[in-house]
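These are the structures in question, set out in turn.
What follows is chain A paired twice: with chain B in the first complex and chain C in the second.
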Partner chain A sequence: MAQDGSISMRRPLKLLQGQTALLPGWLILIVAYIGTILWTARISFTASRSIPVDTFVGFDQYARLFRSNRWVQSVENMLLYGSLFILGCLIIGFLLAVLLDQKVKGESVFRTIFLYPYAVSFVVTGLVWQWVLNPSLGLQKAVRDLGFENFTFDWLVDRDRAIYVLTGAAVWQASGLVMALMLAGLRGVDGDLWKAARVDGASAPRYYLRVVLPLLKPSIFSSVVLLGVAVIKSYDLVVAMTSGGPGNATELPAKFIMDYLFGRQNLGLATAASVVLLVTVIAVLAPLAYVQSQRARRIRT
Partner chain B sequence: MKRVTFSALLTTSVLAVATTTARAQEADVIHWWTSASESKAVAALAEKFEAAGGTWSDAAVAGTDAARTAVSTRIQAGDPPAAFVASAVLEYQDMARTGQIANLDAVAAEMDWENTIPASLLDAVKVDGHYWGAPVNMSVNNFLWTSRKALEAIGETEPPKTWDELFEMSDRLKEVGIIPYAHPGKWYWDLNTFGFILASQSPEAFSRFHSLDPEVFDDPAVLQAAEIYAKLRDYSDSGAPGREWNLSNQMVMNGEAAFYLMGDWAKGEITAAGMTPGEEVICTVSLDDAPAAISGDAMLFPSLDGSTEPSPAQLLLAETLTSVDAQVAFNTLKGSMPVRTDAPTDNLDACSRLALEHEKAHGSVSAYPALLSGDAAGSFGDVLGNFWVDSGATAEDLVYELQDTASLFN
Partner chain C sequence: MSSRPLFPAHAEGPRPARLNLGRLALYLCLIAAAAAFLFPLWVMVTTSLKDMEAVRSGSIFGWPAQPSLEAWKSAWTSACTGLTCEGLRGGFVNSLLILVPSVALPVALGAVTGYALSFWRPRGGKLLFGGLLIGLFIPYQVFIYPLVRILSSVGLYGNIGGIVAVHTIFAMPIMLLLFRNYYASLPMDLFKAARIDGGGFWTIFRRVVLPMSAPIIVVAVILQVTGVWNDFLFGLIFAGSDNLPMTVQLNNIVNSARGAQEYNVQMAATILTALVPLIVYFFSGRWFVRGIAAGAVKG
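Up next is the complex of A and B:
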């Protein structure tokens, strides 16, 4: 009896202590994250240019945003770039992981090589690829100098193809990361499964596709989340590689926002674009998070 | 322990602020003039200021963007510098209108700016008819740089004077395997180039275009300019989109390309490569007797103690800066031109003298940064950049797109 009483006395105290310890975290969350999001949303309804002002203009900035060819193209580019990038990284990363999983000699050397591009920043990646692919400086010129006068590879300055070059560079940079995640997942797969599959007469590709891939779901999910974040905030790669060109062919939403926030000094339009981007992300993530939480609940019960 | 150091830090910074305001004639100046020749020029200006009784406190920040950030943060934090350098007053018009920048009308009247400084430079430091900045230097932006080597390859000695001549030479240059026009393909060069062409067709249409007059698009000069711009695209190489101007400059220097339009800052690169501007690379001002497109930096003075009246130190600095003496000393070292028309010209190089003569004969217009907001400029730049890479688009399409963009800002 007495024991019970002391526990129930202590519990609120403990709770209070815990909450006090969390207070700085709560403050940061409320002020730095939610606060700035609300502030951004508020500015997007004003006519602010280089400094925030309180002249409210309703949805004018949003109307202009969707009239802007550049914004519409930025969003389309993001969808194309994003899906190709995520898919490309998953496929290449998985294949590399499977190859490394064959107990090859010098595995750690290969692993380092494949992971290395990820250690290189997007700015450096962009510059290097820009030099390699620039028709008057890089690959095209090198091959032509070898005597193949008619060799042409000018995708970087071709407005219908530049976005694929951008995607290629991004995949080169990030697929090593996916490889590392997948490899960690593969190491968790029980080796006896392979023996069992072989007894059942399954070929190696069939084994990896039907048995291993489903087991790697957590690795795939974290890869997709990481890559998705990279797509939304893609800015430095574009700036270093194409600065959005040729024309608007490789513009992405994050670059649109940065350009209007600073160089073009239109806070209203830039914040409206940020809000639209945030709403888009939430619209994609909310159903995903819901599915995840439902699944977690099902496992628990 | 940590708290003590923090409060100590706070006290020192408060003290630092107190001492700056105490010494009335001291001025801390944020600027981005950090290259070898530029810092010599700043030293010369500081010397003139000190001779006039002021105390110069240097706050150089490397890079224009970093300097801009430093200015904005210090003003927002309530600790403004006495003065800072900007490319155009227009950038800070919001601050001028909300009383955060000091009004220089008194200095302008006293130093007789109206009669001694070209109108296009003065327009660049005015907002709503008042002066908010002091012109620092003058640059001519629309030199046509011509490779002598390329000219010799087609048996010519003189650079073209009209667009027709340029395109006629371009056909022959193409035949001998030389790129006729090395277009620098950043959006701001697209916009600059289009502006230079428009000014060569009609200076009046140029100023109406830059004041976002919706009627200007019915003026045939705009279509003519669009046609020349489209033609220039056909005579440039496929590497143009996104190209930096110094790469274009290099192509003209080594004779790989024949022409390009660029400001007088190209002289620095030409000299650094061991060549003489005006010799290996010939300088003339634009084509079709176009007015010179000029630009210049401006010095702005934030309001101190909540007053838009300049403080004594700010007043003294603005006066010194726009005096003939300081103008010559500063600009000779920096490699740009004095803003004062009554300044002696014997220190100037051949290209600058030629530009001054051209300006006297054909007048001048401001380059776009003084005329368009960053937003409008960028939007036009997007249209021109897209047009450049869309080989199917015609000059009429371009005019239509420009008109559509202009309508966003009315």
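Up next is the complex of A and C:
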């Protein structure tokens, strides 16, 4: 930074313009990000219902939150949905990328097909799958009409299984993203490695699992971060596909918060829930960021 | 964001096996996977071309005996999107009105801020960059309620201005990331030469930096167009009932429908809503990928 800063240092007037250009950025950071987070945190310690009040109640809202079955189930759902979603996308994305890496004809056509769901919104994704999985007229009926009269696939309305079809729809939407990131990573793998592996007598699956997969760590890392953020923010998909039901079977924290902020007018509880979500994100990200910075330092020295 | 293509023409993986059986299995796998990915799109299209009688009697896979665009017409002009039953037309116009400024403003802001950070290196720049990047990971729910209060205190709640402001606020981190990384890859000497020639902040931006920014602007615009068009949450909360974007109205058509469900109309409405990002995607494939990959590189 110092070596290039010297030019601007000599001309403080010009430097001022550089600072002025950053004003919108600072405004967004300080008011819209930090300010609102602090405000949200403040409300979470009050007894606010439909309007914010200044009656401080300590951690009461947090205690109530974790006594709420709906919240506890939302968190459990998120853990299940999140881990299956990330794992599903990674496996399917990696397999598709490996298949596409075999010098196939029409690679770009396949790539376009695998990635197009990522271009459509979660609302569209949710509505399409809601229709496909419609128990009376969708997939179940289509298969029954083929002669399999006892075929049952009503997971969308099954309390114990709805979360899996929600996950399936999300995997359909996002695994193309992993495919694209992994494919970009695969193209950076030195072709001589394969020759060496073959000399050692390795089969193709073994080569991909033992040699290539470890080299794709950066792609895997990026994918996990992007998908993880998507899990925490998951709202539209649930609203469109199941509205959280049946019962609370597909309720997720982001939707819980929105419902209590705007529908049920319980600001204290909703803000407490968003602070919990925020702390979770920080708790997951901080160690990752630390590992990354340590690695960067090791590379530099 | 280097100039290296994401997908070089020559794959570096194992050479294709000589055995034709292996190649056949490979293509069978790929075709099966492609069919699985395309199948919801197929169901959407066929359902939208049927009448309700055909929807009830036939299979969701089947191509209609008498394809008709009736469902498309009602989705566009007469489906109930809430209190009114005038179809998705209004939502389409709202989405366009939201889209244009919500793309232009964040892209411009990202470009200028990225330029200032990369070339002028103002004090505190790194702090600002780092702080905004953290914004990429934070769930929106933490910001929303105070933001509603702040925006309504300045008359920016429940109107187009408000929703544009929200899109700008939350697009800032990714736009900045795109432009800063791109500018960091440009040679600093160009900038130094322009400084020696006496160029000021805006002159250098207009004459030197902007003309070189075309590729990254395309990437940023594509990312933002699909992002804003596909948004549901912000439109629902901040746009106001007169300006609800297409996604929100689509969800109303399907999930607040009273009485008999018109699945064919619902699917036609769903395709109509997905059309803009799909067209952008099909015509810009590689650029689209660069956008999502750029977001991931420094994630």
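Methods note: the second predicted complex is superposed on the first by the 274 of 301 C-alpha atoms of A that agree within 3 Å, B and C clash if a C-alpha of one lies under 4 Å from a C-alpha of the other, contacts with A are read in each partner's own complex, and residues count from 1 in each chain.
Here, contacts are C-beta pairs under 8 Å (C-beta built on N, C-alpha and C of every residue); 3 or more make two chains touch, one makes a residue touch a chain.
Fair warning: this is a prediction, and the values are worked out from it, not measured in the lab.
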Touching partner for A:298 - first (chain B), second (chain C), both, neither: neither
Partner chain(s) touched by A:103 [first = chain B, second = chain C, both, neither]: second
Partner chain in contact with A:240 - chain B first, chain C second, else both or neither: second
Superposed model, chain A: greater residue contact from chain B or chain C: C
Which of chain B and chain C A:121 touches, first, second, both or neither: second
Partner chain(s) touched by A:64 [first = chain B, second = chain C, both, neither]: first
Which superposed partner A:49 touches (first chain B, second chain C, both, neither): first
Intersection of the chain A residues that touch chain B with those that touch chain C: 134, 137, 243, 262
List of chain B residues in touch with chain A within their complex: 65, 91-95, 98, 185-186, 237-242, 373-375, 377-379, 382, 385-390, 408
List of chain C residues in touch with chain A within their complex: 6-8, 10-17, 26-27, 29-30, 33-34, 37-41, 43-44, 47, 55-56, 59-61, 109, 112-113, 115-117, 120-126, 128, 131-132, 134-147, 149-150, 168-169, 172, 176, 188, 192, 195, 200-202, 226, 229-233, 237, 247, 250-251, 254-255, 263, 266-267, 270, 273-274, 277-278, 280-282, 285, 288-289, 292-293, 295-297, 299
Complex contact set, residues of chain A against chain B: 49-51, 53, 64, 67-70, 134-137, 154, 157, 159, 242-243, 245-249, 259-260, 262-266, 269
Chain C-facing residues of chain A, complex: 1, 4-5, 7-8, 14-15, 17-19, 21-22, 24-26, 28-29, 31-37, 39-40, 43, 96, 98-104, 107-108, 110-124, 127-132, 134, 137-139, 141-142, 145-146, 172, 176-177, 180-181, 183-184, 186-191, 194, 198, 204, 207, 212, 221-223, 225-226, 229, 232-233, 235-236, 239-240, 243, 254, 257-258, 261-262, 267, 270-271, 273-275, 277-278, 281, 285
